[in-house]
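Next up, some structures in structure tokens.
Both complexes shown next keep chain A, but they swap its partner, so chain B is in the first and chain C is in the second.
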Partner chain A sequence: MATSSKSSLRLFFWTWGILTVVFVLIGIFIPHRYMPGVMSNDANLALTTTILFTICAAPVAAGVYAGAIHILKHHRYRGDDVPPAAPPIRENTKLLVTWLTASTVLTVFVLVWGLGALAAENSTSGNPLVVDVTGQQWVWTFSYPGTQVVSNELYVPDNREVEFRVTSEDVTHGFWVVNFGVQVDANPGVWTTIHTTPDKLGTIEIRCEQFCGLNHAFMDAIGHVVTPKQFSAWLASQPARV
Partner chain B sequence: MTTTLEKTETMSKPQGGGLARRQNFATAIILGVILAWVFWFVARHLFWQGSDNFSDQEAVMTGAGWMIGFWIGIGAFNAPFQWLVGRDNSHDDNMYYAGKDLGRARYWKYTTDHKVVGVQYIIVTMSLLAVGGILAMAMRTELITPGTHFVNQQVYNGFIAIHGMVMILALIVAISGPWANFVMPIMIGARDMAFPRLNALSLWTLVSAAALLVTVLAVGGMPVGWVVLGTIGDQAGVGMDFFALAIVTFTVSTTVASINNVTTILTMRTKGMTLDRLPIFVWGTLFTSALALYAFPFFFIAELNQILDRTASTSFYIAAGGGTSWLQANLFWLMGHPEVYVILIPSVAALFEISTVMARKPLFSYRTAIGGMAALTGLSALVWAHHMFTSGWAPTLGGPFMVTTELISIPTGIFFLVLVGTLWRGNVWMKSPTLWMFGFIFNFIIGGVTGIYLSDVPLDEQLHGTMFVTAHFHYIFVGSVLFGAISALAYWFPKVTGRFLDETLNRYAFWLVFIGVQITFGAMFLSGLKGMPRRDASYSFAFEHTNFISTIGAYIIMTGMLTLLGAIIHSWRKGEASGPNPWHANTLEWQVPTPVPLENFDVDPIITEDPYHFDNEEPVHV
Partner chain C sequence: MVRSKGLGVAVASVLIGGGVLALAGFALASATPHQTALQCVESTTKAHTCSLTLATYPDSLEGVHGSSGGPHPDWVTYSNDNIDVPANTTVDVTINQYDTGGEPNNPAFLDVIGTNGGFDTVNGVKTTHVTGQIGHTWTLHAIPGNGKYLWISIPLPADNASKMPVKLGIGAYPKPEVVKFSFTTGGAAVYEWNCEFPCGGSRLGNGFGEAMSSFGYMSGTLTVQ
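What follows is the complex of A and B.
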């Protein structure tokens, strides 16, 4: 049973290879099909990272699954009795070292990628458009420092960095611009910031992702990425409030 | 003589029994309710605020009254009290409290025998899973379509935290409760736990806390989510007070149980049971208990602060008073992440144990397995802030916490190597425990890999707070931990009952739950990727299809779990007789008779080799 090693091992490697390809294909298809419309550099990064991580994980997952399938096919005891003892393999240093090396290399790769992306995300252009965001149960308010514009819909120009300064009037909310791939909590009494650069015109969705009470599920807002010209026109058209 | 009795051999004066011997679960409930009412009455007059509302102070006092009454009623204070007044328990008393000659009644009492406590934990776990499961079904039914139809937002929001917390409690005790109590002491050749009374105390404090937790539903639920961010926690009604008090008590229960486990493993191993001959499940219990000792005090403080904020006008979490909800978040996750491994490690360790017996092979790389669990235990203390990547707290720590978090994938990978390595080239016996083990391997890969996405800060800024997270940890908790727990139940069931857990029903249950998990949480990943936040009672039409699929899957899981319940009830009463060692395993718990006698061993066993030598060349006929 356990000795028909050559052909059964060939099957193992075939299963491994095929499953890896399948997982990679799923990993490319699903994020493209399901992740929301990408409209900023950070959303783009989220999409790329999702796909990349799936590709890294695919051979590991496929290896374990191929191993499990191999065991089910070749190392299963088919009698009714208590099975006889199997070869007492207690250690396999080569396998152990290979496994630890492979998992460490993959982990380090994922880490380097992530730290690099984090550094890129944290760097700023130095001239962002600042938008103050206030959460309260259960509505978002956007104001534009330097103007007197206050709005429940977000307007931002494309291709210019936006810095959101976020706070809350009551409980903690989670300010999440779905299409920009960024979120930060809105905490009472403090300002938290995130920034991103929109790179596509269109409508964006904003949701609350920290549970904030009765109407949490409905604490949404709409936003628009517009051209700089349209943005100035919109700012000018807003009634000044004091 | 057992440790229970050693201290008291010199004491002679026998107790007549009387009231103390009539105490059981029923007297505990009665006294609990009475004292809850008395405490409420006192609180109403002490803290009268000019209205008939049930105030926070009254709620905390009522809850405390329930706890104290319950503990007195069950008999938790009898022995310390008698010691105080100089009439310590006699030998007969101690045998009585260990459940000697009490028959079934001992399962309803403050019984010190570790095997009774183990069985009580099985029942507690199943009850908690039932409550959490019913709430899960109610929520999934609500989410079958957009809009709120089945339960309204208020009810739904009240359910989420209780579903979460009840299920977390259930899984914390699902393996450590029954098997670290019933099996572990026998495995190391001990006659009971190091502190038998504390063992009973940990069980009954858990019961009193769980009862209070479920009572939250009766006072309007707890619309906050189980992580209870400080600010929203301050807004919640009196359910929050019951919740916080239940958690404070629960952390005491866990700490007491962990001290007991650690002491038992370190000091009560029989002759020859050296650390390198210790069954791997015992190692798992040791790491779990050590980790629990570190983690749960944070939860105690977190909830105590919450209670003080609500009743004594402190402002630990209230921004207007100089507090911050980040304090609560830090304390909560300092407990919350280690707690995930308190839940996971026993499941993995039990499966290691089962894999050797079912494959008829020694554990592959025993020392690496121990190293992996040790590394996980250590690392898990250093990763908590990955739950706060998007909270705005200390953005510069994003990088360091990403490093510690992703390093966890190395010890986690070791678990797969050990498990698959043990089964590889084995003569794998495909009994139902093995089936659940393969289910674990399948699901744990998915749960583990999706964790890496969330550990990446830039990607977490998209996925945090979404259904993707919910799907990820349900693959870990349901798909992995619960599968391991059911495998352990099927494996050790014959030792508890003398009967096999019904193979046919258990296999049906496996396939239903396995397929249900893929459908429910597979579709939930898609909801999350698409951008559906967690804890939403309603959702936009964009998430319609994936939610419908998730709900159908949840019903399939429910059918599977009910089948399993049927199998347990049926097999406990009239399952096929198993004999003392049906799996032909070498660990000590299978070498004692079934049912296991009080004090386990006639003669202390002496150990000469580890339990992983399977030396029969031919199949063993049964």
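What follows is the complex of A and C.
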């Protein structure tokens, strides 16, 4: 009986270990494939956080699944009648201390990391490019204070912080720059701001992520991260508004 | 035996539930009012060119809603919602604007954007930017995921020629503002268009309700095929 119990416990730990390795590998390799293209410091931070949190969660999830498999295999009730009451679980001090310590370390770590990431997202360099973003059913428009430029496409230079000042002309929209990993609500009569620093040239996707009415699903726009020189040329090429 | 019976009941429940949900989805999709798509009329003189004529009305007593005006005869409307155009073709569009207007809520929609040549004509006068009041806009953009970007926005000046007619209805509209422009289609794709001037009623008073938030009035699709 004791041998059988030891053997099943060994199997549990093996399952736990293997599943942990599998989940860690998933955390390392999968988010890159399924998250949108990373093109800003905030998107990088979001990706790193996703990977790190997945790795932290891996042993916990693996323990739960290994436990479930162990219980299903060795402690399943096979009778047709109501099963007898299970024996009371006796306290295991070692297990309790280990479990509580590990949980505390993990949760405190993710809390500290999360607060740090939040603080990093809210920080500003002091000289951002300001872009006013207006949502209305069901399009986005972008204007550049200090110029006469208003555009339906977003243009921003790379490696310079951008401050999006976001508002709405009608209902609440959600301004989500997918590739920058930032989003903020666009509320009528209110300006909300969010910062990010693009760090990769290319095309970006902008969507509304608050259900805003009939054609909410079609409310998207495209944007471009270009070099500072290309950005200046684009600004200069825009027609002056009367 | 009891277990396999239970498993069978569970599987059957899931299948039947899925079937009921699918049927409900099909029923809802079929119940959505569809209008016959407006076809672009191919030119007999110019190759790869076709023409469309649309109109905007201050009520629904004209256009596709019929002479009774449909369920909301007092709502503003475009003459058509869904439009079919051929691929790789120059589309000449005429919009007869019969409605009055107001100050735009967003100056971005005063610009003519995305047309061939970057302009339109208003009553024969070449225009790139409308000043003053507008009645509506015809703003076309891509649907997420179709991979083909297209953005056209045409401001339709308020019909100030004769203000609102005394009597609404067929034949009672004033002389329209005639807006003409052309654009060129690419490959097959579906785009969405809508008005960006808050011309609909709303209990919130922002003009984006009623006709602006219902299919078949101030929005539609443009299918390139």
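The criterion applied here is as follows: the second predicted complex is superposed on the first by the 221 of 242 C-alpha atoms of A that agree within 3 Å, B and C clash if a C-alpha of one lies under 4 Å from a C-alpha of the other, contacts with A are read in each partner's own complex, and residues count from 1 in each chain.
Everything below uses one rule, namely that contacts are C-beta pairs under 8 Å (C-beta built on N, C-alpha and C of every residue); 3 or more make two chains touch, one makes a residue touch a chain.
Please read all numbers here as calculations on a predicted model, not as lab measurements.
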Superposition on chain A - do chain B and chain C clash or fit: clash
First (chain B), second (chain C), both or neither touched by A:Phe109: neither
First (chain B), second (chain C), both or neither touched by A:Gln210: first
Residue contacts with chain A in the superposition, chain B compared against chain C: B
Which superposed partner A:Phe218 touches (first chain B, second chain C, both, neither): both
Partner chain(s) touched by A:Trp14 [first = chain B, second = chain C, both, neither]: neither
Contacts of A:Pro188 with chain B and chain C, given as first, second, both or neither: both
Partner chain(s) touched by A:Phe29 [first = chain B, second = chain C, both, neither]: neither
Which superposed partner A:Pro83 touches (first chain B, second chain C, both, neither): first
First (chain B), second (chain C), both or neither touched by A:Glu91: first
First (chain B), second (chain C), both or neither touched by A:Ala43: first
Chain B and chain C contact sites that coincide on chain A, given as residue numbers: 170-171, 188, 205, 207, 213-215, 217-218, 220
Residues on chain B engaged by chain A in the complex (per definition of touch): 153-154, 157, 160, 223-225, 229-232, 234-235, 319-320, 324-326, 359-366, 368, 390-392, 395, 398-399, 402-403, 406-407, 409-410, 413-414, 416-417, 420-421, 423-430, 438, 441-442, 445-446, 449, 452-453, 455-459, 461-466, 526, 529-531, 533-540, 583-584, 612-622
Of chain A, residues touching chain B in the complex: 1-2, 30-31, 34-36, 42-43, 45-46, 49-50, 53-54, 57, 60-61, 64-65, 67-68, 70-72, 75-77, 79, 81-92, 95-96, 99-100, 103-104, 106-107, 110-111, 113-115, 117-118, 121-122, 166, 168, 170-172, 174, 176, 178, 181-185, 187-190, 192-194, 205, 207-218, 220
In the complex, chain C residues that touch chain A: 2, 105-109, 111, 113, 128-129, 131, 139, 141-144, 149, 151, 153, 192, 194, 196, 198, 204, 206-208, 212-215, 219
Residues of chain A that touch chain C when the two form their complex: 80, 134, 136-139, 141, 143, 150-153, 169-171, 188, 205, 207, 213-215, 217-218, 220-222, 239, 241-242
